[in-house]
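What follows is a short report on a single structure.
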Amino acid sequence: MLISFLLIPILTAIVLLFINKDTLASQTAIAASLATLALAVFASFNQVDTFDIAWLPNLNSRFTLEVDGLAKILILLSAISLPAILIASAKNEYKQKNIFLSLLLFTQAGLMGVFLAGDALLFYFFWELALIPVYFLCSIWGGEKRVAITFKFFIYTFLGSLFMLIGILFLNAHTAEHSFSIQAFIHANLTGGQKITAFALFFIAFAIKMPIFPLHTWQPDAYEQSPTPVTMIMSAVMVKMGLYGILRWLLPLFPVAFAAHTNVVVFLSVVGILYASFIAIRQDDIKRLIAYSSIAHIGLMNAAIFTNTGIAIQGALIQLFSHGINVLGLWIIADILEQQTGTRSMQQMGGLAKKQPTLAILLVGFALANIAMPLTNAFVGEFLMFNGLFILNPWIAAFAGISIVLAAIYTLNMVQKVAYGEISEKINNMPAPNKAAQGVLIILLIIVFVTGVYPQPLFTLTADTLEQLLAK
Amino acid sequence: MNTLEILFYALSALAIISAVMVLVSKNPIHSVLWLILVFFAISGHYILLNAQFLAIVNIIVYAGAIMVLFLFVMMLMNVKKDKEPQKQLWVKLTGVIAGGSFLTLLIALVKQNTSFQGRDVLLKEGSIGLIHPLGQALFTDYVVPFEISSVLFLSAMVGAVIIGKK
Amino acid sequence: MPIEYYIFLCLTLFSIGVIGVLTRRNAIIVFMCIELMLNAVNMLLVAFSKMNYATAQAITPTTTAGIDAQIFVFFIMVVAAAEVSIGLAIIVMIYRNTHSIDINFLNRLKN
Amino acid sequence: MNAIIVSTILGVIMMFCSWGIKTQKTQHTIALVGLFVLILSNLAQLNGWYVIDFDTKGMLAFTRFGLYVNTLFFLITFIYIWLNGEEIAKFDNQAADFYALFFFILCGASILTSFDNLLMLFIGIEILSIPLYILTGADKKNLFSNEAALKYFLMGSFSTGILLLGITFIYGATGSFHLLEPVLKPETGLPKEQMILSAGLLLVFAAMNFKVSAAPFHFWTPDVYDGAPTVFTSFMATIVKAAGFIAFITIFNSQSKALGYTWELVLSFVIVSTLLVGNIVAVFQRSVKRMLAYSSIAQAGFMLFALYGKSSFAQEGIVLYAVVYSLATIGVFGVLIKMKENSFEAFNGLAKANPLLAFVTTIFLFSLAGIPLTGGFFAKYYMLNALYAAGAGLWLIIIAILFAAVSVFYYFKLVQAMYFVTGEPTMHEVPKKYTYALLLIAILLLILGVFPSVVFNYLYF
Amino acid sequence: MKVIIGFIILWPLAGFLFNGLGRNYWSKKVIAYKATGYIVASFIASIFAFLHVQTYGAVTVHYFDFIHTASLTIPFDFKVDALSSLFLLVITGVGSLIHLYSTAYMQEESAPHYARYFAYLNLFIFSMLLLVLGDNYIIMFMGWEGVGLCSYLLIGYWFSNGNYNYAAKKAFIMNRIGDLGFLLAIFWLIAKLGTVSYSEILTAESIAKLSSADITGITLLLFVGAMGKSAQIPLFTWLPDAMAGPTPVSALIHAATMVTAGIYMITRSNILFSHSEITQNIVAIIGISTALLAATIAIKQNDIKKVLAYSTVSQLGYMFLGLGVGAYSGAVFHVITHAFFKALLFLGAGSVIHAMHHEQDIRKMGGLQSKLPITHITFLIGCIAIAGVPPFSGFFSKDEILAAAFEKNKIYWVLGLIGSAMTAFYMFRLYATTFLGKFRGSNEQEAHLHESPLAMTLPLIVLAILSAVGGAIGIPHIMGGHHWLTGQLSSIVSTPHETSLGVSTEWILMGVSVAIAATSLLIALSRYSKQTDEEPSSAIGKFFYHKWYIDELYQKAIIEPLNNFALFLKEFIEKKVIDGAVNGTGKLVQFSARKVRLIQNGQAGYYILFMVLGIITLFLFWFNDISILRFIYTLTH
């Protein structure tokens, strides 16, 4: 069952390498991703048993795939986002599209692996695997400064994950019978000092991946330069890898060290939130704006997790999913705009509401989700997370709360510049609306509001993870 | 101070002096000749140590074959007197200093090393230097390396062929 | 004759060889200095063999302790001969191509 | 024993081939068949069947490990010769001579994997080196090749001198050339009166460092690898270096703990400086060949971890690393051979011109950089594991990791050139069969990237 | 009951969806009928609910759990009690009237935009109902933000106009600042009490759980929320700009309903407020000062809607004064009456503007009473009502507040009187300049002048009647009334404000206020019935005319510094400092590469030299007993 989350994308990706007709290729990819989605939906609402076979006897590392609520919600997210991305960008023209798509599927396989892995070495393995296709995707199909930017991004994250590798090695050396399983890691016998070292080693990797201020500079450039479908998967799913890592590894493994670093990390994150929000206010490039806004949101989630309060972690668990959906919607819209107007500068847009009212309405819808309007999904998560922050320290909560206002400012700036105002000629030259993409957006928007009004399914899905985490 | 010691010092002096001369003499031919002298001195030491076989082999192989080979090559490329441009002084100096410190380091170690204290080298007596026990050892215990060293020559030969071929 | 003397002597010769390698530019001379180093080692080996023999003698007479060192010397000579043949061949080859055997001119490959 | 005898005989046979058989093709086939026989004979010994069985008087000791490593070397050489057949023939109408040299080198290698006596170590190293001097100078008309040959020769024989002095000291202190029963008991550590012994060990250490091109004895490596004909460079950089490492470990693993903390200090110094020089300087190279030369220094730095202490990780790791690294390097050089010049620019736009070739090259580079899914990752992982298991501090591992990240820097320069720079690669046309051979190597690397244990499981049962 | 309440709130939502999704398919007529029909339906439902409450008392209905986690449960409950049922009536009632009005007012819009307008309007009603119906602060907050959103959408309804968008954004962001306060208050409550339901928070025992500091903090934060929504100092500047929206919107949102949400919230949680003296004083002070500030500005404005807007702000100030002095029922009373007459005034103004072809400057009007008789009459009634002339509704409500203020603190009362005097003045200035005198507009405007259609006049009439007699629900005892409203709210208001003033005092107070109002009213009439006032000459006049330069102040003091700060972060910190450090590392590697490779200088001699030196170094490392190296050793293990 679980293995098919890896097999379907990988096999399809390999098949795609030999399909040269673009339309056929994209249809195949979409079909495969939809199959994965169906599987994910099934998995998330049923009991799924662990897949576990021996892998590296000498290292005593096993090929273990297992799911709990946390994994399920992220599997679901990545399973939703890929078909969305593929359908939305089905019209886009790329050279050697089949390779493009197959790399995307490889990425998905890597992500699935990361979320499923129950064995540290396996986890690291997929962690890197998710990165490499992205490297090629960005460097081949990206913007004009793509090679340098992507390389920076690659080295940056690669270095981070290497530190995690040391951490894994370190822990593994201190476990009984040198195992890599999470349980063994939890029971590894380390002194307090060693625990802190290991904590730091892991945290660097996750911090760079999320990214947390001040390790974030790769992100806006990478998002700006890479082709938007890739940006989507990076920002909707990939950044979640860092948060997932924290929830899956950091928190259970080093509860003490974790608690010890609450203040510094929360402080950093909150600074990052405001920092990113302020910068977002002055952005004219729509992709950079979304990038910075995403940094702010991720920072909030990280802060919430590090408060180590049940309510905040619950919020973060929900938000993992919600933020993915919302930002996905925003990126799809940004992509449509870029594809149809040929620019990313919001100065040159305007009057979208006249030219393509539907798209404008969708934009407004996702903008509302982005500023965590009540009855959108983001509200539930952010409400709980801020609540947790408040319990930790009211002042920090108030400080971070400023971002609510800032978010309103930059998001409404975007809406105003893009949708309202007199119709600009770039907008005027837009071709007929991209029905498929709009369809996807509408579905996403429905998810936004349904989970916003009735989030209970998400709570029940993640209940078990929460218990485990709080048991610590 | 018996004769042996006198001989020892004399030979050592000869060896060192001529070794130095190898370095300092401008003319390559001269340094070859000085080197031959060094070898002779060393052979003298061998005799002193009652390792006649090695003494002879040393004369034959080194002073004889190898050095002649060197001379031969010199002739071939008729390197004339101080044709060789000198290195700058400071390079030489660093060389000397490096070598000197290497020497002092090792000597310091030997001096510190206590396990050698009071251990003497047997001069004159001792049969192991003679050809009979050597031959025996060579063809019993050391037959494997002896055989294998042939591979060395084979490869050297092939190499010479490859390089020699026009 | 104490062993230290021999050690000092051989080390001196060895170091002279090293210094020669460091200071001369003529490839052949450099090579000769290396030969000098080898000879120093040979002599040291022989000295050690006799040292071991001396100690062994003190315990039991007519032993062949330390003979392996002299065998080693023999092998060193063998190897030296082989090396010389190759080395000179290479030097000659170079002399053919660039009418010089000055190692300082051999710096096309660098950085 | 079998391997040594058979390889010698084969060497002789090849020598005579050079004026018996004229066509390159047959010579190539004979060489391959010979290698096959060699492998068989070695496996035979592994299963206790000897050509001639007699007491080596403690000169050689055949361990399962040594013999197995031999087999791997022969296999890699097989791939190498199979791949580079006509390339070798380019230098000379008589490829057979080179094949003969290869066999002699293999003989030396198999001595180095089985020696039990410093005399054999010495002879083995010489048998290994002398043919290399020639191979380096094989391109007789090429001044670079000549220069490389002379440099290699002079430094090589100098290091031989150092090695001999070291051996002599050891002999002086212990009165025997047998090393493998630890001359120092761990509890005694580094006794004052044994100064001379540890001095000897240190000199041997230095000489071995030279052979495996570890800083600060690496200076010959870039020039020689750069000057030597590419095809031979790839052989030097792989099998020879690996054999050197096996010898290195055989000498020192038994001792290392006995040598006390200063040993770890010295080793750390060598490791760090090797990693530093190799990685840092490689960043700025313009010639791919020279970059690879420096990278091979960096890789040596990683292999040195195996020396840090004896552990199953170290043993498995060095085997895995040797194999993976050799395969990848042979592969990269195999591609480089087909380029008209060695600059990075030559690779521009290779992905367009020949996607498959670009792909395999990428695999090789990934493997060298140690990126997961290629064997390189596990090789590096095992080495780090060995280092930590041997009780090294995390700081050393972190330094290693940092340099590993730096290495990505220069390996990926090539990937970028192939994929992201538009241009026309300046290369000779590549026969399909050749590409497939490379693809085979790449697939091997990928298999090792998922199941590394296939390489060394054989050590255990 | 569950069903009825469901209907109340679902009808507007249905309307929103119907108009929103079908905006390209329906004709204007259908849209108009549907939109209005839905609201009327929900009005009827509200009446049922109201009656039910009258007979059976408050009801709470549970639908589902919005959030249900281990530590926190937030049910999705609705509560209908005296307070909310009153607000229901006002919202849906006034709402349906304004819908009706809009059907005619927005005729010029094309069908899709017409539909969009009504969709927004329905959505607004929906959120407003959510706000009042919710049984806990979260649901209230949902409505709270929802109405903010709708006002944003409606202010920016004519989205191609940049200034309107700007005004809309301003409104939203100012509201957001308030909302942040509200949210923090909720967090505080959760942190202390672990719940957000009124029924659990607004009880004596949970109050007992809270320290006085907590209560003060919570109430102040709640009040910050109210400030934003109800346009109090310092967050009031958005409301006048909000007049960019269509006039009915101003009537509904920015006069009748949304802006009174703050009062609703505080009344809802009056138990908390009455436990904190500090907060009450602050509320009162801010309320009264807002009232005066806005009034002074209103005196000098010439835009008909601006005047009304500032008057709204000032009236809201009164309500907060009422809350501050503990006259909760009085405040609610004023909310209701104000809803009537201010809606009336706005709609009247709308009808004038409609007639004048979107001319809003009162100096270009005048003498309209003959042309627009109904509008004129109704407008006049509105003015009288707001001016506080008995027996019109405004008189009673305002008087109740003033009486309470008098009790609490004479100064409040005096200021209140000044305020009401100004109110009367500027209202009649407005009335006079608009309707009396002779027409000052252009000729073609004069040609087109006409009374508005029935759809517009009918609401005017209804509202006029209401604002005339609306006071009936709160006739004080001394006038023989029994103050029905106070009775109504007694269940909500913890300490029903019992007047302790003697009868005579009350009569005197009333008399004074009426007298003052009347005099200033007459002054205004006499002064402006003939001429308008020219550009203000006096310094103080300018000052008022330019709204105390408060917008400029905010611009200079807050917005620009923040913008520059953001720019500084973007251009310097991000690009130079942080990213610079990252790239610097890469550069360092390259640089050292360039340097280190020079050692490899190609000279075999040097190489061997280096080797020898290397060996020496190794020896030094090896044969050391130097403490430093031991130290390093210990470091590494």
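We call the chains A, B, C, D and E, going by the order they appear; numbering starts again at 1 in every chain.
Here is the rule we go by: a residue touches a chain if its C-beta (ideal position, glycine included) is under 8 Å from a C-beta of that chain, and two chains touch if they have at least 3 such contacts.
Since this is a predicted model, take the numbers as computed values, not measurements.
Once chain C is taken out of the picture, touching still joins all leftover chains into one piece. Minimum number of contact steps separating chain B from chain C: 1.
At the centre of the protein atoms shown, by the Cα-centroid criterion, sits A.
Distance from the centre of chain E peaks at B, each centre being the average of the chain's Cα atoms.
Comparing the CA-atom centres of all chains against that of chain A, the greatest distance is found for B. C-beta contact counts were set side by side for B-E and D-E; D-E has more. Averaging Cα coordinates per chain places chain B and chain D 32 Å apart. Separation between the centroids of chain C and chain E, computed from CA atoms only, is 98 Å. Distance from the chain A centre to the chain C centre is 67 Å, each centre being the mean of its Cα atoms.
Averaged C-alpha coordinates give centres for chain A and chain E that are 36 Å from one another.
Contacts with at least two other chains are made by residues 155 of chain A. Residues of chain D in contact with two or more other chains: 119, 123, 126, 130, 133-134, 137, 140, 150-151, 154, 158, 172, 195, 199, 222-223, 409.
Each of residues 87, 91, 94-95, 98-99, 102, 106, 109-110, 116, 141-142, 145, 149, 152, 155-156, 159, 163 in chain B touches at least two other chains.
The full set of touching chain pairs reads A-D, A-E, B-C, B-D, B-E, C-D, C-E, D-E. Within the complex formed with chain B, the chain D residues making contact are 4, 8, 11-12, 15, 56-57, 59-60, 92, 97-98, 100-101, 104, 107-108, 111, 119-120, 123, 126-127, 130-131, 133-134, 137-138, 140, 172-173, 192-196, 199. By the touch rule above, chain B contacts chain D in their complex via residues 106, 109-110, 112-116, 140-145, 148-152, 154-156, 158-159, 161-163, 165.
Residues 150-151, 154-155, 158-159, 162, 195, 198-199, 202-203, 205-206, 210, 215-217, 219-220, 222-223, 261-266, 268-270, 276-277, 280-285, 391-393, 395-396, 406, 409 of chain D are the ones that touch chain E when the two sit in their complex. The residues of chain A lying in touch with chain D in their complex are 56-59, 124-125, 128-129, 132, 136, 139-140, 146-147, 151, 154-155, 158-159, 162-163, 165-166, 169-170, 172-173, 197. For chain B in complex with chain C, the residues that touch the partner chain are 4-5, 8, 12, 15-16, 19-20, 22-23, 28, 31-32, 35, 38-39, 42, 45-46, 49-51, 53-54, 57-58, 61-62, 65-66, 69-70, 73-74, 76-77, 79, 84-87, 91-92, 94-96, 98-100, 102-103, 106-107, 110-111, 116, 118-123, 126-129, 133-134, 137-138, 141-142, 145, 149, 152-153, 155-156, 159-160, 163-164.
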